[in-house]
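Inspection log for the structure reproduced underneath, given as structure tokens.
By written order: A, B, C and D. Residues from 1 in each chain.
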Amino acid sequence: MNKTRVEFFSDGVFAIAITLLVLEIKVPESGNIATGLLNLWPSYLAYAVSFIVIGAIWINHHAMFDWIARIDHQLLLLNTFHLLFIAFLPFPTAVLAEAFHTSSGRDIATAFYAGTLTVIGVLVNAMWWHAASRRELLHEAVSPELARAIGKRFLLGPAGYSLATILAFVNPWLSIAMFIGLNVYFLWPRRPEVVARKSRAPRKSRT
Amino acid sequence: MNKTRVEFFSDGVFAIAITLLVLEIKVPESGNIATGLLNLWPSYLAYAVSFIVIGAIWINHHAMFDWIARIDHQLLLLNTFHLLFIAFLPFPTAVLAEAFHTSSGRDIATAFYAGTLTVIGVLVNAMWWHAASRRELLHEAVSPELARAIGKRFLLGPAGYSLATILAFVNPWLSIAMFIGLNVYFLWPRRPEVVARKSRAPRKSRT
Amino acid sequence: MNKTRVEFFSDGVFAIAITLLVLEIKVPESGNIATGLLNLWPSYLAYAVSFIVIGAIWINHHAMFDWIARIDHQLLLLNTFHLLFIAFLPFPTAVLAEAFHTSSGRDIATAFYAGTLTVIGVLVNAMWWHAASRRELLHEAVSPELARAIGKRFLLGPAGYSLATILAFVNPWLSIAMFIGLNVYFLWPRRPEVVARKSRAPRKSRT
Amino acid sequence: MNKTRVEFFSDGVFAIAITLLVLEIKVPESGNIATGLLNLWPSYLAYAVSFIVIGAIWINHHAMFDWIARIDHQLLLLNTFHLLFIAFLPFPTAVLAEAFHTSSGRDIATAFYAGTLTVIGVLVNAMWWHAASRRELLHEAVSPELARAIGKRFLLGPAGYSLATILAFVNPWLSIAMFIGLNVYFLWPRRPEVVARKSRAPRKSRT
């Protein structure tokens, strides 16, 4: 399987999922329009959170594929399952917004959202573990230490998200704050100095 | 017609159709949110099945286009009709989910879904038969024996799906199990050893 | 403006518009599912017609851009207005299906649909006239005679569609048959022998 | 981060957002279809306005990225936030159409729309200021004077849109006329002579 087309297809799914989010925000039916627009704050919040979440996952997906030189069939399958949950995200987003609108079931809606993120996080790790375990899939510039450092960073995802899933039953806002925080962190995908420096060579050669 | 742009357009339709599937899952109206989310299992199942189905067809579409060197006008038209049914899939998916929600018409909904897959399978075969019958459309590395081996494998699709369409009236679950099984099989697009080995050369030359 | 990115953006709009068509087909509410699915025939017909229409326009858009070497600002604007009506097509499609469902206003719905196609046809011609009038925008291999031959062929579109718009008030089915016929004709974008032969060179150089 | 993939992802979001606009136009329920279609004029207007707005922003996004040679992480984040509001535009569009349908809250709906454009304009400027302040992000052919000239032109956006936001409370039509005018102006992205001439070199080298 051609790496470029897998990236292209994945980018397409990311771009479509992120843009479909807006369809879940419904125009206020009637009554005062100002109040109606203000009352939609849970939808705006859910929209912004999911946009940042999908954006952060997309940025990290890119960073990962910059270190990957070849795609084998297992990686393709893992990537497909990963996209299955990315494309699913507009639904937990709508559930989250609805629960905060009606002020009922906020704990379950938040746990449902964080649970979906946990599955995505696990699949991201599975992709990296698989690629790192078969050295020929990675760029030569990625040393075993670098591969481990990257892997450790990715572990933060499922660890943090599963904690957020549990936290949702204690306090939904705490849980939301937690996965926002995690994604703001992930928006900086190459923070580890060693990663940024060592991976420069393969990335350039990709253009 | 430029092969790259046909692939690009096809990839776009695949990526959009697969991502639109989520729009058919509706947020539970009211009442207990946990029960509401659990009661949506037919939607989740239909979503996952269709995601895997479209994913498997996309992977095989790629594999086929890796063996194809040139696109003539008939192939372009066959591909367009093929995409017409791919883009249609979110509808039988929604019908399937609805039938299992309301527990009525499950046989017809399943047959409708499997019937759509049968048409897709027939069109995939028509594309390959056409390409294989005009040797100049295939890569030189694809020998007549290889072309026949690939063609045989593609035949499994419409054969299995039409059987699943009939089975739907015996037992919908059996039918669903059958087309899930077929697609899990198709997720490994190049299983025949001879295919994997012989097609390596043209695939590399594509990048 | 970079030609490749304009093509890419246009292809994206075509692919999304063609795939969104399915969202207009609504799952039958209740009652007998077989009857429900059969009663949806106007939606299936409208879906298939619009899929073929958008597919045919896309194929011709490609053919046109194969003859175009450079894009100036007017061409970019004309292309954007052209896309405005392509992306609009799912709406007349839904109106057409609805009118045939309820058996009321079929003449107006058909005229509305054919009228939208007329506007698209006019804009396609405007694009070609503009490109042909500024020789530096075309590939050198496109001779003035070839440019005229292509232009004549494109004229068929608005001529036929405006006739179909008027015919809708005589007999909607006649009108529909007419624009289906036109698009089946346009699915073969390079029929004029002279076009196919002469344009081969620039097309190859594009890859 | 690879510049090409950021452009690709951005183009995808633009193409999807612009094509989703049509989903906000709902088929008239019943009664006279001619009257129903005519009564939808606010939806057509909102659709056309947003199509031109997103088209103009897309064209300018391209022009900007033609002058940018490299993307650093801050620029990537600014671009992501910029896309967050682009993908949001179908919602204010629907709100605007609804307000003019029901003839209530037109001032607030228009201000909401113009306010969203103001935020987009601010983010466009932030992107350019950031790129211009780090010379290594720009093409060498972009002189400091050219960078300033481009920056000045971009300033028109938030200035004009924020004025339109205030004007909405005086007269919604005046406000709409204003942001239509601004976008028609922005549809010609390289008007300043100096810009068009000097940037030719880097643009060509991009293909």
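Following the convention adopted for this analysis, a residue touches a chain if its C-beta (ideal position, glycine included) is under 8 Å from a C-beta of that chain, and two chains touch if they have at least 3 such contacts.
Keep in mind it's a predicted model, so treat the numbers as computed, not measured.
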Turning angle required so that chain A lies on chain B, C-alpha fit (0 to 180°, nearest 5): 90
Copies chain A and chain D touch via same or different residues, half shared test: different
Intercentroid distance (Cα basis), chain C paired with chain B, Å: 26
Intercentroid distance (Cα basis), chain D paired with chain B, Å: 37
Where chain B touches two or more other chains, by residue: 8, 12, 16, 20, 23
Every chain pair meeting the contact rule: A-B, A-D, B-C, C-D
Chain D to chain C touching residues, read off their complex: 7-8, 11-12, 14-16, 18-23, 25, 27-28, 30, 32-34, 37, 47-48, 51-52, 55, 58-59, 62-63, 66, 187-188, 190, 203, 206-207
Residue numbers on chain C that touch chain D, as the complex places them: 1-2, 4-5, 8-9, 12-13, 16-17, 20, 23, 73, 76-77, 80, 83-84, 87-91, 94-95, 98-99, 102, 104-105, 108-109, 112
